């Protein structure tokens, strides 16, 4: 299956490690976007090491004062328009964690 | 052009989740897609009449009214969730529909994608 | 003519929010969805509890007596009574040291015939794969 | 006998937090204490008229009405939080007061204990 | 100060370790009550090892199908009435985490 | 005649919920509380950001442009403008590698004179001890 998961909080969702799919994406939205820019005690978020395509929503980065140039290079920054295409073209099933 | 059904179960003001759902719906409609928005739980408050547009609070009623006018967007609140909160047909603004929960399943049935936001 | 399968996956704890309750009431709404669909079309629901969500299944919940609100236990029995499939993740029960004795396994007292299926996570993953749409609570 | 001020910022139905606040208020009033309940954010919905008493949802309006009758209990909703949600004096049931946020601070000023429930 | 903290979720509140007081209490309410009865992978909740008076709300245990006899012996089970006395008689300040 | 000190402690992240916003608006409401109090009585507020709450203080928040809602940055500047004391936990800024350059330190552009105090947690603990009432967001 082609599965895209939305991480909306700045913590590690307990169920994430179990989810699997042939094509697997993670979109960081809302407070999930902190995962893509912040280091805690010098460490990047463990979510950035997942075997998945990683995306962050630009509107939610900017709202919080996080500039796109600080986003980890593994993460692709997209906007709402890009998100619509992602949902229809690249994935079939969606999970909001 | 395709159909997206969004189910949102989070609260109106106080959780930006409903803001997310409305922005996503807006972007999809702009691209020519059809969007159904199902509001359950506290999200039923989005249909309430006379919401004030204060800068210190999210204000989504205006965007929703514009989206309804496009003819590509339907918004429906859960009848029981609304009534439990004292919100029925007298309390919702024009264009907001009220149905029982099976409406959401029927909308999902014919959708190309279902984006279910299950609540906190 | 089509039957579409919807997987209702419950991962949240009960009561703090309405999340798991709405999972059950929406799954049960599949009983009446036909009125909106064309002849021969229908929805086939499956409900699965994983992670902390398995705690929704505990027996002896007194939410109605204390808070005046239907317990998740009652919702689950209703689902079984209406022949909805209810799955529970075995690994997660094990993590909490819970067995079939601790959870709602049937709705016999109200005339239900179906029983809860305690299954490995892999089985729930397969249900998610074969479902047409996922609703994750 | 003492005074307890409770501030609740959580949503009406969908979070049992407001149930907790109302039960605590009820227990305190029964013991002869005085209770002020401040409702901010989504908790302002507790004041809404015509809430239905369904078994599948929390129903607190009845308990609140009984508590108001004791004369030992005041419930006030935040004016701005209410208006943002389309809830103003036309929408609240009898006995529910509406004030700006400073009311909560004034209530806390004279309280022996403040139980502030800050929201999720 | 005499401080009582309310734990309402079944996770470890990040700030709890920093809070301190001469008299310190923790009341488990709502989904916090799982801390007092459940073991995860065989281990009791680390919150039960805090240097504090521990209480659990009986109404929230019973709502969830958790019987009072399964509550860890370190925890005192109280009801709403007991909670009112606790707040007025034993503590001065209250934090809902 | 009494002055009572209220400590508004913000530990939650912004935007997901209204929590931190309501902390600021309620603290600012102390400016008008006198109308309800007797002569000479008043409330003295102090606002402190700890844990993840320090992220409310980041500069450059575009919430108003994007979501049409006042940013926390603007609320904090308003608080400083009105001479409310704003404290931030130094250890928590350090954890995220943040410095005074990254956060709102003053409201000079709108005529504010007070500046943010970056302080060790111990200082915030003392404010909690000396406060008459705690409001923890």
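Order as written gives the chain letters A, B, C, D, E and F; numbering starts at 1 within each chain.
Criterion: contacts are C-beta pairs under 8 Å (C-beta built on N, C-alpha and C of every residue); 3 or more make two chains touch, one makes a residue touch a chain.
Nothing here was measured: the structure is a model prediction, and the numbers come from that model.
*Asks:* On the document's contact criterion, could you list the chains that touch subunit D and likewise touch subunit F?
*Replies:* In this structure, the chains that contact subunit F and also subunit D are B, E.
*Asks:* Could you tell me which chain lies farthest from subunit A when each chain's centre is the average position of its Cα atoms?
*Replies:* Ranked by distance of C-alpha centres from subunit A, the top chain is D.
*Asks:* Once you count every C-beta pair in contact for both, which comes out on top, A-B or E-F?
*Replies:* A-B
*Asks:* So subunit B and subunit D: same face meeting same face, with over half the numbers shared, or different?
*Replies:* Counting which numbers both chains contribute, over half are shared, so the two copies meet through the same residues.
*Asks:* What is the chain whose Cα centre is as far as it gets from that of subunit E?
*Replies:* With centres defined by C-alpha atoms, farthest from subunit E sits B.
*Asks:* Let me have the rounded angstrom distance from the C-alpha centre of subunit C over to the C-alpha centre of subunit D, please.
*Replies:* 33
*Asks:* Nearest whole angstrom, what separates the Cα centre of subunit D from the Cα centre of subunit E?
*Replies:* A distance of 24 Å separates the two centres.
*Asks:* Could you please state the distance in Å, as a whole number, between where the Cα atoms of subunit A are centred and where those of subunit D are centred?
*Replies:* 38
*Asks:* For subunit B, write out the residues touching at least two other chains, lowest number first.
*Replies:* Where subunit B meets two or more other chains at a single residue, that happens at 13-14, 16, 23, 41-42, 56-59, 80-81, 114, 116, 118-120.
*Asks:* Provide the list of subunit E residues touching at least two other chains, using ranges where the numbers run on.
*Replies:* Within subunit E, residues 8, 30, 59, 94, 96 contact more than one other chain.
*Asks:* Of all the residues in subunit C, which ones touch at least 2 other chains?
*Replies:* 15-18, 25, 52, 67, 133-134, 136
*Asks:* Touching pairs of chains, all of them, please.
*Replies:* Chains touch in the following pairs: A-B, A-C, A-F, B-C, B-D, B-F, C-D, C-E, D-E, D-F, E-F.
*Asks:* Report the residues of subunit D in contact with subunit C in the complex, numbered from low to high.
*Replies:* Contacts found on subunit D: 13-17, 19, 23, 55-59.
*Asks:* Which residues of subunit D touch subunit F in the complex?
*Replies:* So the residues of subunit D touching subunit F come out as 7, 9, 40-42, 80-81, 100-106, 108-109, 111, 114, 116, 118-120.
*Asks:* For subunit E, which residues are in contact with subunit C within the complex?
*Replies:* Within the complex, subunit E contacts subunit C at residues 8-10, 30-31, 34, 38-42, 59, 62-67.
*Asks:* Contact residues on subunit C for subunit A in the complex?
*Replies:* 11, 50-52, 121, 125, 128-129, 131, 133-134, 136
*Asks:* Which of the residues in subunit F come into contact with subunit A in the complex?
*Replies:* 13-16, 52, 55, 58-63, 65-67, 71, 73, 95-97
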